[in-house]
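These are the structures, in structure tokens.
After this come two complexes, each holding subunit A, first together with subunit B and then together with subunit C.
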Partner chain A sequence: MSQDNNTNTTNTTGHVWDNDLQELDNPLPRWWIWGFYITFVFTIVYWLFYPAWPIGDNYTKGVPGLNSITYTATQPNGEQVEKTTHWNMRSKFMVEMNELQEAQKKWFDKVAAMPFEDVQKDAELMQFVNSVGKTMFTDNCAPCHQQGAQGKIGFSPNLADDHWQYGGTYQNIEETIVAGRNGYMPPFKEVLQDEQITQLANYVLEMSGEPHDAEASKAGAALFRSETAACYYCHGENAQGKIQMGSANLTDKIWLWADIPGSKTDAAKLAEVKRVITGGLNRGVMPAWSGRLSPAQIKLLTVYVHDSLGGGK
Partner chain B sequence: MPQTGAAKPSSLLHKQIPIVTRSVKGKFRNFKTAVMVVAYSIYFLLPWMPWQRNSAADQAVMFDLESRRFFIFDLIVYPQDIFWLAMLLFIAAALLFFTTGLIGRAWCGYFCFQTLWSDLFIFIERMIQGERPARLRLMKQPLGAEKILKIGGSHALMILVSLWTAVTFAAYFSYAPDFVIALFTGHAVEAAYITVGVLTLTTYFAAGVIREHVCTLACPYARFQGVMYEADTLAVSYDSKRGEGLKGRTLPIIGLKTRDERQEKGHGDCIDCGFCVQVCPTGIDIRDGLQYQCISCGLCIDACNNIMDSVGYPRGLIRYDSEKNLSSDQPKPARLEWKRVKVIGYATALLIAAGILLYNIGTRNDTDVSVQQVRQPLFIMLSDGSYRNRYQVHIVNKTELDARYQLSVRGIPASSLDLGSLKEVRVRAGKSLIMNAKVDLERTIAQQTEKFEFVVTSSNPDTAPVVVPANFNSQR
Partner chain C sequence: MKHDKIERNLGILAILTMLAISAGGMVEIVPLFFIKETVEKVEGVRPYTPLELRGRDIYIREGCYLCHSQMIRPFRDEALRYGHYSLAAESKYDHPFQWGSKRTGPDLARVGNKYSNEWQTQHLIAPRSLVPQSVMPNYPWLIKNALDYSDIQKRMLALRTTGVPYSNSQAEYERNVTEFGADVAKQLHIPDAEKNLIGQEQLNNYDGKADQVTEMDALVSYLQVLGTMVDFKKYADDEFVKYR
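Up next, the complex of A and B:
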């Protein structure tokens, strides 16, 4: 508190206006002025250690070697490269990601070394699968399958229910993630009359227990197994679909392409099914993830989809 | 240069005269010393007390941040028990209000860490530099070997005490014997060095350098405790009627030595020796009345009583008394006036809060279960038309032994619960586990079911099963 003496006297610049108007000139408090000088010192030290001044397209990077940072990056071809650079936020982020991967490695290794069936028997391991799987699902799968894996009718299947077009075993799911899927149904507007399509649609509704015209449905059933429409080629004799080709089971309550749960009236339901038969579909495309995720990540994601979501049936 | 009205020196910036206190003997001094011995014994020794434990280090009191458990003897506090902390803080506040309403700032004067550590550091100064006159002389002395040695020595000792205070504090957060060795061999974690460093500096700075300024300038409690004073509150007070008489206090010069002589000439009992000011740790004159700087430590009472004894006047010129009693025409002996709405109100709040806390601690279940429904989507229709709801069941094992838990449902068919192949889960001592549970209900049952219960049974027979209600959603 040594500056206190200064506040007891009045220092002025010596200029006087209108006889009594003066300009005070008290010195700044010493603690303040020293704090100010320290910021200068701090700034210079900062320039030595961190990126600071922009110069054209470039910038100063601090004294080389004084504050460098090393991280491991994965190249697009999967090669691990060690990089050393001046300190910057992006590299710091990479270092933290490296640390995170290192911390998770023992769990990933454990999952990778185990048969699928054993992972779900280990409650602690499943806890890891749940949390990491959820993050991976959110990053990679949720854009199509939605955040809660509930899918979207007319776009992507629900992964939380018990129906699996391409099979719900570990191996099926892993294959789906690795290689992707390509769902297709030809349009029937050139092949069938509108009346025939109505009959087929009624049959499809009947199989799922929806309101329908019994007579038209009967005709539809015959048409289903005829060579004219040849629906049974893909959907099977009993219309329960074929896992090998991913054709839909038409006898259950789950709808993927025709929005029956969202249709209020019977006519609207019929129109929805007719729309699918008429136009076919070629949007059932799921990309392959083999190049984007590591085998260990795919295995963990498989367990997550199978056990945390709705697989296994 | 024409001088305009010179700026009045601000009292805040005015250079303080350093307070050099005189030591005193008496019952309040003894009480303060006793509190200090007890408080220091607890604080410095508690981290070293061993305690048998199964799942953690054998330390009686340990706030284990790493495993997120606080061990307090046989009680283990988990993050889920944060409510206890809220209750504890409320109890502390109510206790502070209650005591302040009754006997003034007793906390400040006898129990506050600032008071305890300042007191200790003043004691160190007295041991090394001598009594008040010797210390004042030393301050005025030009810089020399004696001054450097004595003042430097006492500050070095203060820093040592501060360091050990900080080390002790940090020792509460990990196994003390290992921690102290690791700390001094350079193997402790970064956070430990930062904690010890910061606490050493702040302890030394607060108790060794700025001292009473903490109470007068920084402490919020010091300021708001004034609000809790009432006319009936006992406070350290100077009996100005008795001390000043009609003509004011005066020195016991010849002709004014006995009480009778003084009363005859209209002077009070205060002989203006200044002893009460010299012993005051905040440097105030209690004879100016109740002041916000007064931490109510009672040392001026001891000082005045000693003087009164030596001149043969009755004790109690400075004493604990209420404002109301002091200003009445016929002052009665001071007594505790507790029959007041405010005091009884604080006491009631205190008892209720303490009761709730103790009840809650006593009835806590060793298994903590919470069920969170997966809300996206709320329900899923399955291929046969039945509905599926998904839940995340969070099980915390609050015992010190690993335990196995079984999850079942009540209110819906047992077969509707799907846990994969986890028939039983093991949760380690003091750890928690989150598991997935799927509940599939047939369409007709689903539409009638809105609520059901999860039941978690522990393998430990002493632990009661935990029942957690859950909602079931479906398209109705």
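Up next, the complex of A and C:
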């Protein structure tokens, strides 16, 4: 190793390796030292602007008025109050939310003031509904009803078709979102014989135009309206369901709990319907969203489900 | 130069380094135990019931915290997606807290009551059956495994030593009645833990399997209580600003 590399060196650590390798021991560069001192000055300025030093059970909050934040707070009763605090993350968050509310207020107020039917007539407003509604749907509804609102057989109803178990008017949909739903059908395994359940299942298949045993179906039709099985209590005399209780329309080709489209053979279809009648249903729980979304958000989401997903009725 | 002495003497260097770090710790951590406003005054926060507690233990066992945080930060985007930002008070009975530091999956701090029990159960067995784009692993054994709650009292006693107000005597029970009300206080009574655990499962049957207390029951009961204890509608939207 050449001695040239060491010509500027005033100090070495005194260690020598391999006879000629030495470790330099120069002072730190001047710019670095000054940078280090400037950080001290920076902290002092920081203490003046931001919460910093703990003192007993409290802490310094910066020089009053030097770096304060003003925001608008909403009380539980809806009253709005303007407040000023020292700088902190939570008041900064309030400002962020104020700005958001300010930007969206025009549109949300418009939706809130309008009857449901009129929203879709305003094309510009519908752009807002579609954009906000899609985000809300993805986050809150899609986990069950799926991204395209197509639902899932055996789990959640399709929201994109014209069939509505609990009613498809704006008011029905809003009520469903606000309060949630609980699906229930009693099990019939204790009440009916296996043969009777087979007859009912054949009748249900016949009403939907599926392959069935005509004779069993005829007996099922009588049983359906008898006091023994009393299916008509919930599903109605005409078996078209009642939206007040969310009972299924058995005369259409839409299936939610019995997986008929997924059943390959006639026997499998019969078994699926029998499974539902035998065991009943204690499922189809939709949570209530009134605690999570504001009334204005729920109204907007209602319009989105009714008009944008193409499921209104 | 004077720092030569420090740099060339390993013992002194180690001691001074430790002193410097402790000073930082003292200034940054210790005051949080004394500053009154660290933990917000808020109604509704209670320790977990025995079943929820076992659910939390399974949450930890399965490593849920590796992909899911339980900490909604005070940012607009998080508030819009997850709800009100998390309060220190909401995890004051969590030992260890489950804030997490990684979000491969969504934050779970307010997932309670967002989806039905059936959804949670199905989603834990096979996440992609409900969320096709999910990368979450399947946890099918949770519904097959019977829940081992033989040591539930010991688990509650252990937490009691860290300051969680589970009651082990009549006096402690009465203190809990005053603080949480009778319904909650009953759930926090250690001698009744097994009875309460089975009772909560039978009442709610989270996993839809009526005949057995499974690990799924415990985990879903825990998920369904996350973030639901505080009713934020009772407070102004800036109520918790004053604590910072």
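The rule we apply is simple: the second predicted complex is superposed on the first by the 210 of 313 C-alpha atoms of A that agree within 3 Å, B and C clash if a C-alpha of one lies under 4 Å from a C-alpha of the other, contacts with A are read in each partner's own complex, and residues count from 1 in each chain.
The rule is short, and it goes like this: contacts are C-beta pairs under 8 Å (C-beta built on N, C-alpha and C of every residue); 3 or more make two chains touch, one makes a residue touch a chain.
Being a predicted model, the structure only gives us computed values, none of them experimental.
Touch criterion met: A:Asp57 reaches subunit C, while subunit B stays clear of it. Once chain A of one complex is fitted onto chain A of the other, the partner contacts of A:Tyr71 are limited to subunit C, with no touch recorded for subunit B. In the superposition on chain A, contact of A:Lys105 is made with neither subunit B nor subunit C. Contact with subunit C, but none with subunit B, is seen for A:Asp139 once the two complexes are overlaid on the shared chain.
On subunit A, the patch touched by subunit B and the patch touched by subunit C overlap at residues 147.
Residue ranges of subunit B in contact with subunit A, taken from their complex: 1-4, 6-7, 9-10, 13-16, 374-377, 380-385, 388, 390, 392, 420-422, 425-426, 433-436, 438. For subunit C in complex with subunit A, the residues that touch the partner chain are 1, 27, 30-31, 34-37, 74-76, 79-81, 83, 85, 113-119, 122-123, 130-132, 208, 233-238, 240-244. Subunit A contributes residues 27, 51, 54, 56-59, 71, 73-76, 81, 83, 85, 88-94, 96-97, 100, 139-140, 143-144, 147, 152, 155, 282-283, 285-288, 291-292 to its touches with subunit C in the complex. Touching subunit B in their complex are the following residues of subunit A: 1, 4-5, 7-10, 12, 14, 16, 20, 22, 120-121, 123-124, 126-127, 130, 146-148, 150, 158, 160-163, 209, 249, 252-254, 261, 307-308, 310, 312.
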